[in-house]
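Two complexes, one shared chain (subunit A), two partners (subunit B, subunit C).
Up next, the complex of A and B:
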């Protein structure tokens, strides 16, 4: 017991010291002493209601750059990830993850299972908070999705993959959620154009705030809450797409190799 | 400020050692674990370099998802690399 207490205390002290050194302790020195002109442009416009044609209305410069200033790059990055997962799904196209379904009794020891059950809700809460605060604090859709994708992975390792199937998280359901995420991103991309066409104005693809000659934009505030227009939508939909994209990958990769080979030879399966 | 540079140097030194050990390791499972150790050192360095966005994505991908995916693949093939 003493040993565990010592480890936990020293871990906590290390985290506190690290946090202090990186922030209040001075870190790398003054951050804003020598700015490059490009950084000045981004920092000067990312949350600046006075420059309403240039601002992204988000205090989080990185998310603003990723989904607004260079939104199309991120869109195509998402497309690359989409195609990678589709490749995995295509390779496993005739292989059902439901074959060989077994009940409980699998996985690691009871201690590991209980600890995992305690940690999973924390992990889910952190992932959702990274997604929903992505336009305010460091983080965003991909970060949150990556944090969330650890959950199905841990469940597969600790409880076995049949536990996920018991929770009804199958390949098709994950694909459906992933498609909802991607459709949401596509809708957010085209929404300003659709709105502009209906009202007879001009608009840009992936437009966030109003631009010169394009007066249709997403609202920066809902009530008094800063949502940064389209940024929160992109973060939430990307979160869905990435979470379930990785979930599909783990569901497929965790199928036992002999079951995969049996199904490829056509001995078992749903033909 | 000097402490930050010192910690950065230590983190990158750990990363270098872990990378070397991962490359020369014949057992692929151990190599994946060493690669994850290298990633932890990189995470520390990125945090000290004030890149929290990268830390948030780097940690789950390189310590959780990537080793898990590689371990699944190792299970499907062979554990020890043969010359």
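Up next, the complex of A and C:
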């Protein structure tokens, strides 16, 4: 009890100090009025054909920051995402999701199943649309992946996890698709450097548009369609990685507790 | 809207967010149940994200950081910079939400495995089983 009182008191003091710094002390800078100079640079160059060497050629400022201005930041965030999923898979390394396969006939009532069947294609279409338009409108690979990851979760709840296994969506297949997404991101990161090495120019890691001393870049337009160079590629590959990364976790979380415990004791399974 | 009311509302939002961060830190530090710690951690993440978004906010009339003109000239870009909100906190928060969800799921997997092995989610009892 004494320890909890100590924690509560010290936290209350911290909150008061932080609140003072944030409000009266002005520690967060100018709030709600002026834009910070960095934000002015980002907004002014996000789609500016006149500043060829600085623009990201995307009308969507947030995606331009995520995959161009602060691209390495996002790259390592993706590495954190990768490691979190690998950690969860490592915890379940001895547990197979294929044990106890029962076929169909499980899940919620017929009404729910029919409504779900009608809604799932809409959900998939919206998720793909968010991914492919991420460089034009609010959205992108992360949001599209989160929207798409809803599909396996709803299918597990409504039809049971054996329905996904019947569709051949197993842990290894999802891992393979997620690896394709991550490999695609890695390839897009190094593609300008590979192209520059082959043609004898300079290039940067994660380069999008051409720079002053690095003339190898991704095209901003294909035909008349604005694709914003590498941004659309990053969005599509991140969409794959996030979708199937979350699918793995939902597949593993939905294994029945009895089956997990039996496999941990070594009663059923491959060992 | 008057400036005094603006300042009052902004300070109220900031102080309540920092208070929420304090309460969630108390939950993380002082609650013995791991599920309650995870709930407090998600509240902490959301409060921090909201704080970041609030710092990038701009007083109306303001628009989202999306350029609606695909062939913008200098005047459109100047008007855009003069009215759009700060896109940097939004970019940071959008990755933080998805990555945070993956890390939360990893923590839940660990908690689930802990419960299977020890039969309890109380960190004090898990500690006593050591050795």
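The definition used in the following text is that the second predicted complex is superposed on the first by the 235 of 271 C-alpha atoms of A that agree within 3 Å, B and C clash if a C-alpha of one lies under 4 Å from a C-alpha of the other, contacts with A are read in each partner's own complex, and residues count from 1 in each chain.
One rule holds in what follows: contacts are C-beta pairs under 8 Å (C-beta built on N, C-alpha and C of every residue); 3 or more make two chains touch, one makes a residue touch a chain.
Quick caveat: nothing in here was measured; it's all calculated off a predicted structure.
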Contacts of A:191 with subunit B and subunit C, given as first, second, both or neither: neither
A:146 touches, of subunit B and subunit C: first, second, both or neither? both
Subunit B versus subunit C as contact partner of A:130, first or second or both or neither: first
Subunit A residues touched - subunit C or subunit B, whichever exceeds: C
Subunit B versus subunit C as contact partner of A:75, first or second or both or neither: neither
Touching partner for A:254 - first (subunit B), second (subunit C), both, neither: first
First (subunit B), second (subunit C), both or neither touched by A:39: second
Partner chain(s) touched by A:112 [first = subunit B, second = subunit C, both, neither]: neither
Partner chain in contact with A:85 - subunit B first, subunit C second, else both or neither: second
Touching partner for A:26 - first (subunit B), second (subunit C), both, neither: first
Those residues of subunit A which subunit B touches in one complex and subunit C touches in the other: 18, 22, 28-29, 31, 62-63, 138, 140, 142-143, 146, 246, 249, 253
Subunit B - residues contacting subunit A, complex: 1, 3-4, 7, 44, 47-50, 52-53, 55-57, 60-61, 64-65, 68-69, 72-73, 75-76
List of subunit C residues in touch with subunit A within their complex: 6, 10-11, 14-15, 18-19, 21-22, 25-26, 29-30, 54-59, 64-72, 74, 77, 80-81, 84, 86-88, 90-91, 94-99, 101-103, 105-106, 108-110, 112-113, 116
Complex contact set, residues of subunit A against subunit C: 3-4, 7-8, 11-12, 14-15, 18-19, 22-23, 28-29, 31-33, 35-36, 38-40, 42-44, 46-50, 59-66, 70, 73-74, 77, 80-81, 84-85, 87-88, 91-92, 137-138, 140, 142-143, 145-146, 226, 242, 245-246, 249, 252-253, 260-261, 264
Residue ranges of subunit A in contact with subunit B within the complex: 18, 21-22, 25-29, 31, 62-63, 130, 138-140, 142-143, 146-147, 149-150, 153-154, 157, 246, 249-250, 253-254, 257
